[in-house]
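Before we start, here is the structure in question, set down as structure tokens.
Order as written gives the chain letters A, B, C and D; numbering starts at 1 within each chain.
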Amino acid sequence: MVVVEKDLVTLNQDIAGQEIGIPVYRIFDKSIVNKTKAAGSGNKPVPKVYIQSAVHAAEMQGSAVIFRLIEQLKKLTLFAEFTLVPNCNPFGRTQRAGEYLQGRYDATTGNNWNRFYHYDETDVVSFVESLEQAEIDLIKSGSETKLVRSFKSFLKHKLGSKLDKDWGVNTAQFLNTTLQEIAVDADIVLDLHTGPSSTRHIYSPEFLAGQATAFNIENIISIPPKFAGALDEASFTPWVHLTELFADRGIELKYKVSAFTIELGSQENICLTQALSDSAGILNYLQQHHLVEGFVGVEPVDITTTLLKNYKTLFSKHAGMVEYLVKAGDKVAKGQVIARVLNSLEFDTKHAIVDVKAPDTGTVILHYPSAAVQVGTQLFKIAVHG
Amino acid sequence: MVVVEKDLVTLNQDIAGQEIGIPVYRIFDKSIVNKTKAAGSGNKPVPKVYIQSAVHAAEMQGSAVIFRLIEQLKKLTLFAEFTLVPNCNPFGRTQRAGEYLQGRYDATTGNNWNRFYHYDETDVVSFVESLEQAEIDLIKSGSETKLVRSFKSFLKHKLGSKLDKDWGVNTAQFLNTTLQEIAVDADIVLDLHTGPSSTRHIYSPEFLAGQATAFNIENIISIPPKFAGALDEASFTPWVHLTELFADRGIELKYKVSAFTIELGSQENICLTQALSDSAGILNYLQQHHLVEGFVGVEPVDITTTLLKNYKTLFSKHAGMVEYLVKAGDKVAKGQVIARVLNSLEFDTKHAIVDVKAPDTGTVILHYPSAAVQVGTQLFKIAVHG
Amino acid sequence: MVVVEKDLVTLNQDIAGQEIGIPVYRIFDKSIVNKTKAAGSGNKPVPKVYIQSAVHAAEMQGSAVIFRLIEQLKKLTLFAEFTLVPNCNPFGRTQRAGEYLQGRYDATTGNNWNRFYHYDETDVVSFVESLEQAEIDLIKSGSETKLVRSFKSFLKHKLGSKLDKDWGVNTAQFLNTTLQEIAVDADIVLDLHTGPSSTRHIYSPEFLAGQATAFNIENIISIPPKFAGALDEASFTPWVHLTELFADRGIELKYKVSAFTIELGSQENICLTQALSDSAGILNYLQQHHLVEGFVGVEPVDITTTLLKNYKTLFSKHAGMVEYLVKAGDKVAKGQVIARVLNSLEFDTKHAIVDVKAPDTGTVILHYPSAAVQVGTQLFKIAVHG
Amino acid sequence: MVVVEKDLVTLNQDIAGQEIGIPVYRIFDKSIVNKTKAAGSGNKPVPKVYIQSAVHAAEMQGSAVIFRLIEQLKKLTLFAEFTLVPNCNPFGRTQRAGEYLQGRYDATTGNNWNRFYHYDETDVVSFVESLEQAEIDLIKSGSETKLVRSFKSFLKHKLGSKLDKDWGVNTAQFLNTTLQEIAVDADIVLDLHTGPSSTRHIYSPEFLAGQATAFNIENIISIPPKFAGALDEASFTPWVHLTELFADRGIELKYKVSAFTIELGSQENICLTQALSDSAGILNYLQQHHLVEGFVGVEPVDITTTLLKNYKTLFSKHAGMVEYLVKAGDKVAKGQVIARVLNSLEFDTKHAIVDVKAPDTGTVILHYPSAAVQVGTQLFKIAVHG
């Protein structure tokens, strides 16, 4: 029997003192969870999947996708416990800037809400050093269940300690660390975002780029397994490092947390019809990993994988009003005029229009959402296949 | 010989003291202007056309249209002097809000940049009272040229006095009054705007609604000739009032300034191809009034005129994430579901989605540009034909 | 027995759907309220006092004052029911702009949160026209109790209808009208604000300027009893108009709602010590009107009353960095240098510093809170006694 | 003969295309510069001092200080060339946020304007590797003049290459790199900032903490010579690294660029009187280094130096309205109540006020400039002397 539970986790207060929290949905099949519990702590636990959306508050499509996932998970056979957190940023989602939502960074500090998750390399080292020989022997013998459980518990404890510090943490750290405390138990972590004016794409760590195709999204950006502050990185990096430390001791670990950042089109927008097809990709991935059963599957699309180093940003060299001549998803050739900048001080000269050319051949993944640009504005991001 | 002159009018300084101004283009046929001047001051002067854009700085399409107008006016026969002011708001156009431009109001005060033009009813009264009998007799005899010239000069003087006040004026008044000083000479005034996510439409005073069809824009909003702060109103209202005061004395004036606010689609966007077709409507209007010659004309569209009292705003009664189910330009029927609001705290109940229904039958002129709304957000503006 | 009741009135939701409301405190003496109720509906009801703060969210000192009032009212004898609403603007109080709070206007529309209260002159006319002769005779005989009750009930009904409109109302109207529904029952309405960098002052309608001295605030701005959108005006204007309509019929009404806007120093700041002295002025006023008993009173200050037409704003004629040479509360003489503007493009010339002189003699009530100004920035507000 | 030259360096355009630049002042004694030039390129060049202010645009006091420095340098004997850049951020200084200036970060991206200066460790390595033996022998012999000149030229070239990249750089990189191109020639670099509500303090690299006392500022924060994105670090770090690489080869370099970030009180404020005393500290430093002569000197203050690791931020654990009970510059004891947070939902309970205690003994260097805080707001920065 599939159960949907809802919790409101307080995360913020406004200056009047009123609490503003996040809804956290948990979906699972009671009978399967009970059976696993009955089997005892030595057994492989029920897998856990964590999905959040809108940590950048204007990137709302992921919340529509979570709505669709809840609808559908109720009808499938579930072999995992799901934790779903739509609109996970109660700070950003009240922050208006004109007619839009400024939810990308803390309006006080400029801190990007997706760059303050926690990872400390030295923690992993100290964890490994604290392991007793018996535990290491168990792992050597091929049994990782206990290791996984105790490392997760260790990481969770570290996150709690961070939040408890006398001097406190900044707002972005507070938000990110609190979310991470919920996510740290999960075996699969999906962070749902959007771009500005963007086609769908997915960030996958290199070691999962093969599996990432199951999401059925046309563009995969393959990133090295390093930490740069985001949730996907914060989720898999400790396990990558743990694996390396064991490899140094000649032990090959099989378990790793899988984590992806999925970019579901453009910000400031939701579409429930499109959300159904977005959720299909996620369910397809889950079914391939035997976490759900009964999903009808997807019509596969052609997928291109681009290394992060070839995923390039074209910054504007001119201020002015820009007309974008290509749209997200379009292929462009090196030298092709992809935008033109209008300069109203030169309407009577031949300098009125400046052409912007693609510096290389590739696929336009996203462009800036406004015609008004300054020098250094991120005009385009292009997956280069030059 | 058509001449294009360019001037940079200083309007603003930043806090370092650097001047930030507006480019003002003047286009005219030298031979015609000279001929008229030679004819002496009693003669009908060369008509003047004033066109500005982007007083709401993010409403940029009008600047692209002015670029197209300059291109084309150079090739036509001109019977008028044109003053063209793209990007006329140097305060708004530097004001960023996240990835968009906050150019609708003064970020310090909330003052709408299009609500502080000058009009003082008592000025008109005192002007009429100051007229000598000889002047009135001249008007009675059908000759308005001198009256028009002296009233324009009177209005210009009032604007100058306002800017010179000891105690000063606020920033929006400063911007608006300075622009109005340039526009006050003109016989035709066009203020180019856009809506948020919007179809093209035009605000015309009732007494010009017939002529407004020449712009070839599908939707006309016909407004009463009252002053509510905008440039079009500030341009025609003094003349409407002057006409009324003369009518009270049994004299019928023929001259009035014609002024329109033209809404050229959606904000944060320019398209030079569309700008060509937008400029065609304006040239068509100008040609019908014998101000240009040689323009090939337009393919007429079906035009609907709606009284301002039937141009209604639907404000949201719910906060949440909105999917717009109709787009600008669509016809809707009373009771039709035109949007739905997603509430992420109710994803597990039947209250997850709230339908928004059209309160009446009509044409959607514009909708809000973001999915993120609060109670009272302007969701739609609808021209009601119920 | 003095009772403090607390209610959370929902006013806003964020885009996730979470409700954000306002705490409403009610303080009264149960025995007095009961006694009055027992006396029946013909009797004079217990007077009602409504006090709100921080409708401009960054103007927080009033909330500290309400905290102090609750502390003290509990210890006094109360002859009135008090409704106290600190932080009454749940929209503004989450809206950050850098390190400050942008709570003066709706960040989407620029609508000032204190300009959308409801008043419709025609309502008052239709109310008077609907009165039956028997009611009018009762009033003529000197008994206004029933009239007051029915007019309040009429006004409340109008506010409710406004909120119920099919097409809805904008966010500021929604906030203001909802607050007004709570305030409309009150006989005394106090709206607690602050200025930018400001000395304490109070806006009083002319007909109450004598009574306003009881608040013991050094500067009174005496305003004509007209409606310009604020709560104080929305509270007393209907009663002023009602009185006028009765006067036209030869009947003199005695009852009017008393309403004031009190400016408690500077924004972005609270001080609980100062709040104690601020609350003393309010309690002094209440005690003079026999609404509380047992308050020890205040040490009277010298008070200057200035007509609104003499309360003038000095707008900057220069952009640059400003040093304010006088502070709020200072007296200035006509021609005195009260600020100087530094222009960094002229550091090598004698134009580096521009002096700003007082255009008239008076008291500086407030100045702009930042050194960074543009043309038209409101530099000073001065109560002119020239 | 002291000469003041002024240049306007274009850095930005607004969307109309208008250029917005920075005034750059150069002050030097012509006779000394000429004499040095005459002596030939082998000779020690005239030292160069670079001073900029307001890269965080609301931190304006430094611009007033530069005004005062220009006044005074003209009267002194100069043994150095001075480059002075007030209001060096044309992007930030037009960016308003309510009544304040949002000049700390790029409003589009959240990028801090003081974190994108350039430093690439591998550049230094490649420079050293490119040196020929003859050059190294020259350095060994004690002559560093040529090395200094060629390393500066190398660094300048790298900055130019960065700005020339096909794909461009972001706006903060563009601003910072362009400023750094001007500063890279200097031997002494001063970056003038302010805090929020702050006492004067100075960031000095550890190796200069002794010299930093000459600025006569009460609090010195001594930082390790590492690069974290700011101008002071970008200025001295390459030289620190160069010294280390030479030390590895057994050669001791004597020359290093000296660079400091000076925090001149509070933002949103200028005071020309205080600017005179601020400039005195800088002139005192310059005179101690024989770069000026004729300055009368300062009255020394007591100076405390704190290591960066003991300079701690206290983040708020509560949202609400805060009263700061200590001010910048105050000493506080561990456990002392230094602020209290008012919660308007608890005005009727004992939780209305939450005390904030100092976690350690020290000096309050700054506090947040507003009473309105959220969880994670930077309440205080304290130099801990516990």
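As a working rule, a contact is a pair of C-beta atoms (placed from the backbone, for glycine too) under 8 Å apart; a residue touches a chain by one contact, two chains touch by 3 or more.
Predicted model, so just to flag it, every value in this text is computed and none were measured.
Of the two chain pairs examined here, A-C and A-B, the one linked by more C-beta pairs in contact is A-B.
Chain A and chain C have Cα centroids lying 47 Å from one another.
For the pair chain A and chain B, the distance between C-alpha centroids works out to 45 Å. The multi-chain contact residues of chain B, meaning those touching 2 or more other chains, are 8, 14-18, 23, 57, 60, 63, 86-87, 93, 96-99, 101, 104, 108, 321, 344-345, 372, 374. Viewed as a contact network, the protein chains are fully connected, with every chain touching every other. Those residues of chain C whose C-beta lies close enough to touch chain D in the complex are 4, 6, 8, 23, 25, 57-58, 60, 63-64, 66-67, 70, 86-87, 93, 96-102, 104, 196, 268-272, 321-323, 340, 342, 344-345, 347-348, 352-353, 368-372, 374. By the touch rule above, chain C contacts chain A in their complex via residues 8, 14-18, 20-23, 57, 60, 63, 86-87, 90, 93-99, 101, 107-108.
Residues of chain B that touch chain C in their complex: 11-18, 91, 104-106, 108-112, 166-175, 312-321, 343-346, 359, 372-378.
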